[in-house]
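Two complexes come next, and they have one chain in common, chain A, joined by chain B in the first and chain C in the second.
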Partner chain A sequence: MADKNLLLIFRNPPFADSSNRDTLDIALACSAFDIPVSLIFLHDGILQLTRGQQSKSLQQKNLLNTFNALAMYDINQLFVLQSDLQRFELTTADLSVDCQAISDSKMAQLLRQSDRVINL
Partner chain B sequence: MSDANFETLHIINKTFSNGALYADCCKAVLPGDAILLIESAVYSACTLQAAELVELQVPLYALEVDIQARGISERIHSQVQAINDDTFVSLTCQYKKSISWF
Partner chain C sequence: MIFSLLIYASQNSGQAEQTALRFSRSALAQGHKIHRVFFYGETVSALSNLKITPRDEIDITRQWLDLAADDDLDLVVCISAAVRRGVLNQQECDRHNRSAANLAAGFNLSGLGQLADAILSSDRLLTFGN
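Up next is the complex of A and B:
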């Protein structure tokens, strides 16, 4: 399995359901087993990464802290779509984590090149 | 219940990406109604996304606690009023009924 690379898709906004947390758990678990992991944030998923989130009032854990720690798990390949940045009037500077902004067609290639893709 | 002078409070909790949900809700809104954005729907109170809702010309509310949690206080459209939980409760009393668009 370790010779297969894995792409995880985040499509949901923060605090909506457990899918972002579950996908993040998969990323950390797979990385612990030396499986190369990439993350891509599509549509509302990009909202998970915006700066200034304060989850205390919702009594929920802020996943941003974990996203910021991904580099320690050798997870450095994070992608967002330029079209999604435009949709929400954001730039990569508005995101709390370093991401590569790619085109829609590059995203299609990324999915094609990935051995396994998980989309919760 | 005698305090209910207004018609329907439409409560939305999904982002603008749920196009069909917003389309259905917008079709159902009449004068005398209001729209309240909670949870993920507070992203729809941001300037760009709120434009379509502003056109409905009904009061627009968004829940302050959800706005703050998502760090978007500075991006809220000027026509959207941020409200606290107590006002949320008051609104549900002031309107004859609430419809949840979840």
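Up next is the complex of A and C:
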């Protein structure tokens, strides 16, 4: 394992721009370099994970397939905020990927514990 | 201190890249090292040597190259971000059977592994985004 860990922040909704795809690609590449990677989905970013996205009608690639495959890359630390779940009236059961719902103060702790943070 | 920079911004619609350039000059002038500048996302579009900058405007790409010449900077461009935007070096031009290569000389196409290496090899990674 590398001696630095990385936290990646997803804060944009799906299909809006390329930032989620670009951030996901960083996750895969860094994991391949044995860097421990955690992902957190903030604000509209949580919508990236909701079940049942019909991307075909948009003729866009659905990133959910890759998010669902992250465990194969040893990326298991996925976080959402309880406050964001409340705001969108979601529960973690509405999300396609296994995530830990954490408090805002736990997020502050997560940020402090992370050696590197990338927020595209 | 050893810095690496991740540039993720459109050159034409914001000042993030210019801020990154100013930061780099200032850090180098103060004796810090810059391990790598990694160009990712929309910022890559501006690295075509076919780009024409109006005479009364600053060509940021040129300024990166000037800085690199003075301080031996490693300017790395994400290969997948580049080819999807039609910014090709000779090797990619040949591989994809295109009519011309247009990546500005002085920049190197490589993979995201170079970003991972930059993360591991630097004391700080700074992102200049939108």
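Please note the rule applied: the second predicted complex is superposed on the first by the 119 of 120 C-alpha atoms of A that agree within 3 Å, B and C clash if a C-alpha of one lies under 4 Å from a C-alpha of the other, contacts with A are read in each partner's own complex, and residues count from 1 in each chain.
To be clear about the criterion, a contact is a pair of C-beta atoms (placed from the backbone, for glycine too) under 8 Å apart; a residue touches a chain by one contact, two chains touch by 3 or more.
It should be emphasised that the depicted structure is a prediction, and the values quoted were computed from it without experimental measurement.
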item	value
When chain B and chain C are modelled together on chain A, clash or fit	fit
First (chain B), second (chain C), both or neither touched by A:Phe88	first
Partner chain(s) touched by A:Thr50 [first = chain B, second = chain C, both, neither]	first
First (chain B), second (chain C), both or neither touched by A:Asp22	second
Once both complexes are placed on the shared chain, angle at chain A toward chain B and chain C, C-alpha, multiple of 10 degrees	90
First (chain B), second (chain C), both or neither touched by A:Lys4	second
Partner chain(s) touched by A:Ile35 [first = chain B, second = chain C, both, neither]	second
Which superposed partner A:Leu58 touches (first chain B, second chain C, both, neither)	first
Superposition-derived minimum Cα distance between chain C and chain B (Å)	15
Footprint overlap on chain A, where chain B in one structure and chain C in the other make contact	none
Contact footprint of chain A on chain C as seen in their complex	6, 8, 40-42, 80-81, 111-113, 115-117, 119-120, 125, 127, 129
Residue ranges of chain A touching chain C (in the complex, touch as defined)	2-4, 6, 18-19, 22, 25-26, 28-30, 32-33, 35, 116, 118-120
Of all residues in chain A, those that touch chain B in their complex	13-16, 43-44, 47, 50-58, 60, 88-89
Chain B residues touching chain A - in the complex, by the definition given at the top	15, 17, 39-40, 43, 46-48, 65-66, 68-72, 75
